[in-house]
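Note that the chains take the letters A, B, C, D and E in the order they are written out, and that residue 1 is the start of every chain.
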């Protein structure tokens, strides 16, 4: 019991509560309490950031941070911080802070803000819970809570479109959740509680159980694949684009899709163990699914005129890089996959912020309406350009680092077909991003924009909307330029790979 | 109902009956010994009454009987919740009225006798209460719409009297250390009689009120079947 | 030796079952209730035979008596309603 | 032994008769009579078991149980009749209401979507 | 003296019922006092069982087998705790719900009698006493259900009453056979004496069938949806959350206690199969229901089905920690449903009051203008689906594990399908809460009515979903330690 009271045992729980408690309080607020709501939001986000910095330092020094609550005998809720969880926690905490600023500006005059921010905080809490989950049960619990917490955000606007999108989103994620649950319970019935351990725990299972383990993996893969938007389980993602921009940003850059991808990484590395998974032939299945998704998503993105839809299909494609990294045996590919978890996050959130700015400031929702937006909104378009070039993989932006390590890892593992996939994907990425950049910078702007708002501000749009994409765009550059610096995402991913492949 | 279906049900029920008969037969072959009979009779002298059935009802298994009074109460409350009583019957003709005049007192007297005798011979609170209730039924049949019952406020107290006295005595015994519904030695006889008296009144009033079949009307005299339903609580 | 008693018992029971069957099969409400009351009274007779006088008394007074009176009132109402509804249609 | 079987058996037959009638007959009054006869059958089994031959005092416990049972049965009958009466009153009050199918035990067994058609007051 | 306190959760509501009958003018006040005392006594008793062993007492001072036993073990105490908390919530809610209405006058004594019977069933140790309790339960429940006075309500509850009587008769015949063969009515004495025989098998069938009718086990559920859907909201909550549990509790008690050595795999499979039918049919009908309260009622049919799925698993699992887990999960499921369904119905009642109807397709504005109520529905709904964190998630997790461990994987299909259907019907309601109506000004609009609903719903999620350990402790299980 006394162990419960030490700060190392409290820290993971505190990180979770730092967004959960403000979220719960925000629900109770009156709609007009702008100030109080803003203070609660920002205080939660900043406290969480401080706590996470402490955690990073602690984990780097090899400290053990674990909060454990027994919810029923034999069923423990475990929040455990290892290198991989710290990566994801940091990503979500930083992006939550940025997105909160953005959302406060974005939703300035829209209805039901208490409800929105309440669920928004709940959603981040669930994501942090997923990141810190120390066993499969905890992971499943937060995974399902994430589904629940994001549903109201997708349905928030209350239009028939939003309701429909939310319904489709729910149908996919609930079905996925059930598949995950079956896999998790099945595994639990074979092995007892499944703790996440670096290097995996199943390698010692008797041979007779291997067919069952393969079946379980497939269940888990389907459950996680839905959120990670692996083809053919990706159908919900483009439909959810009806949500407000901050939701799309958070949902598609950080919370939902990453939860799925992160789960795949967890299962491959910390449950099965990457060598054991490879021995069972599971990595091949994963690799093929990821490759198909990468190509399919990019092709679909080419033909989308809706900007957010195009970005959504781009997400379908890009998130599978993470799964692809996990499916290649070898530490270098692992680094590529894991670091892309962060890189894709900051790049894609930049793009979504910008898309939100175009929509909110000019009423521009479609690619075909983007002629000359670079002249009207240079800063936003600059941020968009950084994100888009990063997605294509142009050095020195973060996306290049991911692709470089993925390619290197594939070559090292002798999986040369992966290089082909990467090349094809890069061409397709360029195919759907470069035309946008061209239109934005080099075409003449139209005489009037579809629905222009003039904010009385010194900038091209409201300050709260402009700063977030600029910050994240800067992060994309920094992550690429200073990839070799200590505590960069790449360095941290290297640390993770070292621990996963440790003998 | 469909003829074939009812025939089918008949066959199924008949099969069930045959099965039950077979099982019952085999059951009788098992020797359960005395069951509870010998024990119940053996301890009869300590129970405070000499009629074994009364001993079971009000002493060994008094708890059942308390709840049974609650069941009766629940039924009446349910009936009352459904609305006010309907008007009664036409006033009786002189011949019937004359008969009522002596049947009702006789029923009440017999009830009292059954209550008293229940301690040592067939009879007891339920039979006595039923006779009181029957007196009410006869009164209503003879044209007294309220079955001779008092006002609603009084009725409310009377219908809870049985279970009330019963449970209060039980709790009092628990508080004084004997245990819930465990009568102290030597006191059983009069405690049982007290409970039975209260129960008889409650049962009689409840049964009669159930026969009236609705919340009592307040307007006492003059009682007209067409008088508007006055409701003391609804007025406020 | 107890043949006479057995026959007596058998007659008692057959009558009981017959009354029950008659009450059940009768579709006219008032008749059914009357038969049910008769069944209850006969049942109390059988119970008296089985040396259960207390229960017999209770069945006669409560089961057949009060229960019967309640059902009879309902049957009367049903009959009256039937009468009025068969007059009304025009 | 024989007498006990005879009497107890009669109780079981009463139970079966009542059960059949309850399932087959529609009008409430007939269902109530059926239920009461079922109950009488069960009580009869108790009384038959309590009877321990002529000359031996009977077992008083089942007697007391049956007494309790009788009161419970009458209470239930009274409540059921009151509910039924309320329905009939409503039916005669609102002349437009057509059918007054009340409590089809078996009609409920057939799982028909009709049970959904419940209007609110 | 401590053992005498066993009687308090029964005697206090009974006294309350008597007082509220006699003094109708101050019935709400008396009712709330009685409810509070009843709840406290129930919780105190639960605490006693937690702290020590099972409690029991034989009333009347005659000892067994002559007297009537009253006993509280972990199973009774768990359900007693549920009835105490849920009952208190319903009582507080009822004060507001019935304020200014004549119906409240009738509500209080009947509700307290119902509570008496509930606690009586949970604490009874005597087969015939259980019959009386069941009848008290059935009568007061039917009378309460008809309180709205609407034609549908009266008809449905008349049917409910008759069905309940039929169930009681079947049960009582089983008791008669048992008394004939074994000469006692006390459950603990009987459990030592009962041996496999045609008689024991017949009694268990008769008693289980009668109780299954009362518990609304598919296909004997036909009476439940109209009866529960048409009652006043606090009554619907009591009926769905508590009353059906009494019958289920009794089946569980009989199967695991009294008839433990004569139940067979085949019989348990039949119960499980009926439970499976209930899950699929109930969920499907809930999905198609047009009214919110009818949806909730069909959901009860389905949830009862889950409880019966435990029987084949319990039967197949050898004694040991794994079986203890299953048993505790079964109790947890029942208790969670009690809280969740009570919260759901209370909230649905508020929606109905606010909107003037409860047709799901037209609820948009009403739901959106009452955030706390909608929140209660959402929380209770996620417990009904079995989403984490909720007691039913833990229960389903253990149940699925049991299905894998005993090789009965086919139940998984049922559980999964039921879960998805439940998600579909709950979110069908919740999606109405997202419209383009004006923003409500604050979270709670009617504290007296909304807070009990919210607290009950919250308990099913946060309390039972994150701290279910006490159920294991109450039942005296250590749990699997691996």
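Here, a contact is a pair of C-beta atoms (placed from the backbone, for glycine too) under 8 Å apart; a residue touches a chain by one contact, two chains touch by 3 or more.
These figures come from a predicted structure and were not determined experimentally.
When the partners of chain A are compared with those of chain B, the chains appearing in both lists are E. Chains that count as touching both chain A and chain D, per the definition above, are E. Interface comparison, A-E versus B-C: the higher count of C-beta contacts falls to A-E. Using CA-based centroids throughout, the chain positioned farthest away from chain A is C. Chain E has the Cα centre that lies closest to the mean of all protein Cα atoms in view. Per-chain Cα centroids separate chain B from chain D by 18 Å.
Put simply, the C-alpha centre of chain D and that of chain E have 26 angstrom between them. Inter-chain centre distance (chain B to chain E, centres taken as mean C-alpha positions): 30 Å.
Shared interface positions of chain E, i.e. residues touching 2 or more other chains, are given as 128, 132, 135, 139, 142-143, 146, 149, 154, 173, 177, 179-180. Contact with two or more other chains is made by residues 20, 24, 28, 35-36, 40, 53, 60-61, 64, 68, 71, 74-75, 78, 82-83, 126, 207, 210-211, 213 of chain B. Shared interface positions of chain C, defined as residues touching 2 or more other chains, are 54-55, 58, 62, 66, 70, 73. Here the chains touching each other pair up as A-E, B-C, B-D, B-E, C-D, D-E. Partner chain D is touched in their complex by these residues of chain E: 128, 131-132, 135, 138-139, 142-143, 146, 148-159, 161-163, 165-166, 169, 172-173, 176-177, 179-180, 219, 222-223, 225-226, 229-230, 281, 285, 288-291, 294, 357-358.
Interface residues of chain A, counted against chain E in their complex, comprise 27-32, 69-75, 77, 111-115, 137, 140-141, 144-145, 147-148, 151-152, 155-159, 162-163, 166-167, 170, 174-175, 178, 181-182, 185-186, 188-190, 192-193. Across the complex, chain C is touched by residues 51, 53-54, 114, 122-124, 126-127, 130-131, 133-134, 137, 207, 210-211, 213 of chain B. Of all residues in chain D, those touching chain C in their complex are 2-3, 6-7, 10, 13-14, 17-18, 20-21, 25, 27, 29-30, 32-34, 36-37, 40, 43-44, 47-48, 50-51, 54, 57-58, 63, 66-67, 70-71, 73-74, 77-78, 81, 84-85, 88, 92. Against chain A, in their complex, chain E makes its touches with residues 325, 328, 332, 371, 375, 382, 387-389, 393-394, 397-398, 400-401, 404-405, 412, 416, 419-420, 423, 427, 430-431, 434-444, 465-469, 471-472, 477-482.
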